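Please see the structure below; I have some questions.
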Amino acid sequence: MSADVRFMKGNEAIAEAAIRAGLQGYFGYPITPQSEIVEYLAIEEPKHDYVLLQAESEVASANMVYGGAAAGARVMTSTSSPGFSLMQEGVSYIACAQLPCLFVNVARGGPGLGTIQASQGDYFQAVKGGGHGDYRLIVLAPNSVQEMVDYCILGFELADQYRTPALVLTDGSIGQMMEKVVLPPPIAYKPNKPWATTGKPQDRERNAITSLYIESEEMEAVNNELQAKYKAISENEVRYEGYNLDDAEVVLVAYGVTSRVCRKVVDLGRDNGMKVGLLRPQTLWPYPTAAISELADESRVKLFMSVEMSAGQMVEDVRLAVEGRKPVHFYGRTGGIIPTPEEIINAIKAQL
Amino acid sequence: MSADVRFMKGNEAIAEAAIRAGLQGYFGYPITPQSEIVEYLAIEEPKHDYVLLQAESEVASANMVYGGAAAGARVMTSTSSPGFSLMQEGVSYIACAQLPCLFVNVARGGPGLGTIQASQGDYFQAVKGGGHGDYRLIVLAPNSVQEMVDYCILGFELADQYRTPALVLTDGSIGQMMEKVVLPPPIAYKPNKPWATTGKPQDRERNAITSLYIESEEMEAVNNELQAKYKAISENEVRYEGYNLDDAEVVLVAYGVTSRVCRKVVDLGRDNGMKVGLLRPQTLWPYPTAAISELADESRVKLFMSVEMSAGQMVEDVRLAVEGRKPVHFYGRTGGIIPTPEEIINAIKAQL
Amino acid sequence: MARKGYVEIDTEGCKGCNLCVLHCPTDVLELKTSDTNSYGLHYAVMVNEEACNGCMNCSLVCPDAAITVYRQAS
Amino acid sequence: MARKGYVEIDTEGCKGCNLCVLHCPTDVLELKTSDTNSYGLHYAVMVNEEACNGCMNCSLVCPDAAITVYRQAS
Amino acid sequence: MLQEMVFAGFGGQGVLSMGKLLAYAAMKEGREISWMPSYGPEMRGGTANCVVNISDERIASPVGSMFDVAVVLNLPSLHKFESVVKPGGVLIWESSTIKEPPTRTDINVHALPAIEKASNELKNVKVMNMLVLGALVGIMDIVKKESLIVALEDTLPKRHHKLIPLNEKAIELGMSLVSSGA
Amino acid sequence: MLQEMVFAGFGGQGVLSMGKLLAYAAMKEGREISWMPSYGPEMRGGTANCVVNISDERIASPVGSMFDVAVVLNLPSLHKFESVVKPGGVLIWESSTIKEPPTRTDINVHALPAIEKASNELKNVKVMNMLVLGALVGIMDIVKKESLIVALEDTLPKRHHKLIPLNEKAIELGMSLVSSGA
Amino acid sequence: MTAREGYKVVAKRPSTLLDKRMHYCPGCFHSTVHKLMMELVEEMEIQDKIVGVCPVGCSVFAYEYMNIDMQEAAHGRAAAVATGVKRMLPDKLVFSYQGDGDLAAIGTAETIHACNRGENFTFIFINNGIYGMTGGQMAPTTLEGQRTSTSPYGRDVAKVGYPLRMAEMVANFEGVAYSQRVTCTNPAETRRCKRAIKKAFEMQMKGLGTTFIEVASNCPSGWKCTPEESVTWIEDKMLPYFPLGVFKDVTKKEKKAEA
Amino acid sequence: MTAREGYKVVAKRPSTLLDKRMHYCPGCFHSTVHKLMMELVEEMEIQDKIVGVCPVGCSVFAYEYMNIDMQEAAHGRAAAVATGVKRMLPDKLVFSYQGDGDLAAIGTAETIHACNRGENFTFIFINNGIYGMTGGQMAPTTLEGQRTSTSPYGRDVAKVGYPLRMAEMVANFEGVAYSQRVTCTNPAETRRCKRAIKKAFEMQMKGLGTTFIEVASNCPSGWKCTPEESVTWIEDKMLPYFPLGVFKDVTKKEKKAEA
């Protein structure tokens, strides 16, 4: 089969990728700017085997995902910022019950009802845990329609591998934009989930999916198990991309759509004689702390700048990595405004 | 009137404090270990003027609080961890709409349904924002039944002063324990809220409470306004307490019930010739970053240790303050286990 | 004897939904398809003024409150 | 002729709720108030064994499935 | 001086209120106190306990892992708490229902047939917990008996004040049982 | 080389599909492309726009603040986008309905009576957007006409393929209008 | 505008509707209902007494048009927000204005419990059988077989259930004092709609309990039709399933009881 | 245990109930219903076909007792979780087991929509008129005047509304195939309860739609009474408001239609 090249919206692409990843169940509630995901799945439904259900709310969606995942199926939901806030209890349950599944947050500008334009203001919620308790999501941050495809599939795979929920954290700009994508052939998905609740046969103990551990000692043991898993993920699954870092004096750190703008900044900066480089985290959790830390050790590096579409969230993780060895600056826009290369260049100049 | 000294549960004390602060509306849903708050208010209701409503859920509670606060009343809700996760959308709305009100999270061990024993695993959710978008809560962390009273009243006052939601983040141990409290006399609460929606008289423009700013420029302006407010709060409202810090070589950082344990650790350590001191944040946001940073500059200080009932959350804020100048260690227990002074002493010894 | 009336339509406020045209009992109104307002929309106009009896059907159904109805003082 | 039966009660499993006592048609059962099991609870015992007809009312209503009923093979 | 005490028994045996009363009495005597219950989903014939700390100074941790005093009214509680009494500490156990006596020898163990005495001598097994409390203050002199009575007066709703004499009798009986070396 | 273009007009004038078609055609010619719509609550007689980037290299930002080309089909869009055309850039405006012509002189301004021409000469105002697209490629040679036809074939559902000839005619008319200097 | 000689104004834009173009699509009944409500506020002279709660949905901006104190609620939570308002301001006239997605999907629990508690505010429920604001997805009230962007082959009731009849459902609760379904398809129905809202407001002022007005409404954009066609669709398709009428009226019952 | 000579076992603990002491209070019908359900699993031989969802409430630990595959759902979300399960495993027999706080307060939306969609699983709804697990707070089904820890002076229906009758309410939805209220106050009712659950399971296996069994249950601890008194309370107080009976049975209707 020759490469399947298409011109697609980010939202459509992630839906198509999910189908090709062997999606068995999608549960979701409409919200701009991600509704094309469910709409695409609705159109394609008759051609495939997955179940598509428009839930009564995001609270319900997240918990349908819980049920479907615990039944051993490859399931997902998608939403945008306020909807993801509503899912936080469910997310915490799913993380604790160790259920593999995929969340997609096509973020928009908050807080509150805010604006439907793109934003990166949900970074903290995604990486520190918007729900209660000590848990983590594997957070993947695509910066192109192609990566919407790639990370959707990767998200499902990592979720299964570690029995943990994964989140694609993207935003309205990437969800809405159209680009060229190369679609991979469909995966023949054969889940192997002996822990799933599918009806107890004679030859195994009953399976119970729960997040309740009323005794403190038990609960602590579960937390230790989770933390051990998170440690393994942190060691194995950090993904990032460098651009012109080898001789960079100014290191930009940016993810998602701002990382594309920052690529332009790097080029522009270099045209203007500034040695700018870009480190783009592809996984927001686990975070490329070590990579940033190494750069902080390079004497040529003068400063870091975290560029975000927020009031300053990821910059904390950059600071945690740099630990005071170099100045860490922040440049951000909010409300759905994608910063321009020019304003970022100016922000850098102001710090040099 | 002579001092009103009582022997009360933390949960009862915060309820009584709310009454004395001029509570006008309480909306909440039962959950262990905080149900005594609503139960106390239910018993006292006939004697007072406040409205008490058991809502159908935490989602509803948070939004009743939104409505009540926007109508200009002094309102609150209380819950515990999973319930607070459900409130995250509402919290984000309330923060953006700039509504003064009080949340109480009597936290328990997560993630998921977890355990009902005490925990500090909701720190990130409280201080980084569990909901979507860039917002902050004023987060007060009592460590005694007395402070449940004091911070409840303070929370209401700060909320009004800055038109922003405040959160008392406490846990099951403090909610359930009984101690002596001295209750302040009731406040004659006279709200001055010209922005409230109370029916438009002829002589002013209509009031509209909203968090919707569809145009990016508007939304960014609102975010800038919020950030300016948060800056003012950060400058004016940091509260913390030091214990034997003057000559401390080991600085413990702990809040809530663990800070009490750490006080004992300080004494025990000094009995054993270790110069241990304790910095206890009373506000978790704004965080006493400057105070910690100053300590990090002291050459006598050898190390910091954040002691938490979590897998390590506040330690990030300590690291952000210390910025690599001194080692920052973490000691924590999860699942509802309150660490003992002895194990903390051992943890310190292991780092010396 | 039939009442006499006339209407004034705010052409910038009109969105050309045609509901007033549909519900005028005496066919007074029509959309002016040859022109648009600054929103690119056709707007309603009186084409049969004499027939207007000031019944207010048009203003009642006009979603955008774009119609003022006048009636002969009795 | 009345059926014959008897019951066995798991005294550790019994919680002393008294529901079996209440619903036994022939007053076979009673709570033994003079003793408790290791959970500190009184438990049910047969005090009138002859009267038992193996009707299974007691086992049916026993919340904790603590009763085994035996009936004379016919 | 800090005294760390734990009271444990079946739900319904009144262990929580026993601890509360003691803490309240101590507060009335001007001391620092804390009371911390075990809490769980409504329990259902399970065991309940509470930790009471009494001190002359601000109390650090409201819970502890080792106790100066353990009062246990049923076997599971004895199993759970016998081992966490500090050497030299006090263990009071209900000896009319607990069939396996404690085994530690490095602590002061007091057997108290509280249930039997309350039923037989006071004709009211419900005041058993007051009897135990009386025994405790008889042994240890933590608070004055009068403070316990004040505590009862302050904390019992008015309509139950008629029960105070019976409670007082129970406390006294408890005190006498330990002073007489029972 | 990167070309940044914006297409704007009333919802319903087909500005989004115009941009899509162009981007698709460019993709077929092997170039890098991005298309980004304005999006909002369902709009309601408001204006819509899309930004199309075409480049030989990986495209950095999918949105920009200054454009090489602006195609505006109504007055609000002209107001919004005239000022953000790069000096030397191209502005195409619908001149049969927009009554206030653009005023900038440092850019190449093309008046195009697309609505009138589509209604009168093609008897179908709906293909007006194709006419505009034809004019654009006539002026700037961004993609080949043939690529636009391929794009139509690939993206139109089969049941609408009968409309392709009309669309082609519209494109050609647009091209001819600008080559003839209209 | 001054009237021609011998003529006087008999109908005009109410002063309580702000002088701002509403963002609604041409022919959308959201606008109509806004207008009717503001006429009532003017006529009943209750501008200083009324507090409104608008939802997330096309009417999210209602506070931009209605010249009264208003709050914008989170999606589905208008009933909870209105509860908070009314409980704090029991003497004010409070309403929540909600779409079908808002009231009958994500907000189901809040709707049901406010009605069951008999919260003394008025629901204005705009049932257009679709999620207008987000681009025409299926709503809980979408008709059997109706095509939407998430039911592109028509609503399959075997998979997603039948459309919910809210006015009928809430009428079952003791707390509900009044429940009526109206529409705005023609002048007579539009007048009836206005009267229904007025009656609800009046009953609220008397403290009789929850009042619930469901408007069988339209969404020309979501339905992909003209405003005129939308009127026909309501008449032909919606009303047979969502019949107009009063489903509960405690004042009627009282009268009966008296008689 | 071996039977005495000439005797045989006619009733015993079902093998499908794990050999573990249930944490429920003495006399609590949660235990009774658990037992009945596990008897059915044994008798119907469906251990390998059944997947249960337990709630947050006293029955949160049901998976510790029922020897079948189970999931523990978040508070109120058992219906959503069961939907997820059933949609992924349409050939399995799925049930949600929920309390009244869970099903009728926080989970109202999930309950209503699952029923309206006709999700083909069985609700086992334990209505004990109180929040048992959290210590006896008022539930949506608490009776008028009933004292609970959050209605210490008795439920005031003027302020918080009347108790919700869920079995009746869900019967109104097309998607619901069967709805019955039962109890376990005596042997006959207990038998009826078991039969009702069996019927629901059988109808589910036939794919007829949502089946809903409400058990008028007790909470001796929350009600602060003995188990015996709780039985009397159910009979005297609950059943008059929550009548026993079948509120919907599509198999009956079908028969009628055939006849």
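Worth pointing out:
The letters A, B, C, D, E, F, G and H name the chains in turn, as written, and every chain counts its residues from 1.
As a convention for this text, contacts are C-beta pairs under 8 Å (C-beta built on N, C-alpha and C of every residue); 3 or more make two chains touch, one makes a residue touch a chain.
Remember, it's a predicted structure, so these values are computed and weren't measured experimentally.
Between the chain pairs A-F and D-H, more C-beta pairs are in contact across D-H.
The greatest centre-to-centre gap from subunit A, using C-alpha centroids, is found for D. Each chain gets one centre point, the mean of its Cα atoms, and the points for subunit A and subunit D are 60 Å apart.
Centre-to-centre spacing of subunit A and subunit C amounts to 54 Å, using the average Cα coordinate of each chain.
Once the centre of each chain is set as its mean CA position, subunit A and subunit B turn out to be 29 Å apart.
One inter-chain figure worth recording: subunit B and subunit E are separated by 35 Å, centre to centre, where each centre is the mean of the chain's CA atoms. Listed for subunit F are residues 40-41, 45, each touching two or more other chains. In subunit B, the residues touching two or more other chains are 32, 53, 56-57, 59, 82, 89, 93, 97, 113, 116, 210-212, 214. Counting partner chains per residue, subunit G shows two or more touched chains at residues 24-26, 60, 72, 74, 105-106, 108-109, 112-113, 133-135, 140, 159-160.
Only residues 24-25, 27, 51, 53, 55-57, 59-61, 63-73, 75, 89-90, 93, 97, 197-202, 206-212 of subunit B touch subunit G when the two sit together in their complex. Across the complex, subunit G is touched by residues 29-32, 35, 38-39, 42-43, 46, 53-54, 56-58, 82, 113 of subunit A. Residues 47-51, 53, 60-61, 63-64, 66-74, 77, 80-89, 92, 109-110, 112-113 of subunit G are the ones touching subunit B in the complex. Interface of subunit H with subunit B (complex): residues 56, 60, 72, 74-76, 101, 105-106, 108, 131, 133-135, 137-138, 140, 149-153, 159-160.
Contacts from subunit A toward subunit F in the complex involve residues 7, 32-33, 116, 172-174, 176-180, 257, 260-261, 263-264, 267, 338, 340-342.
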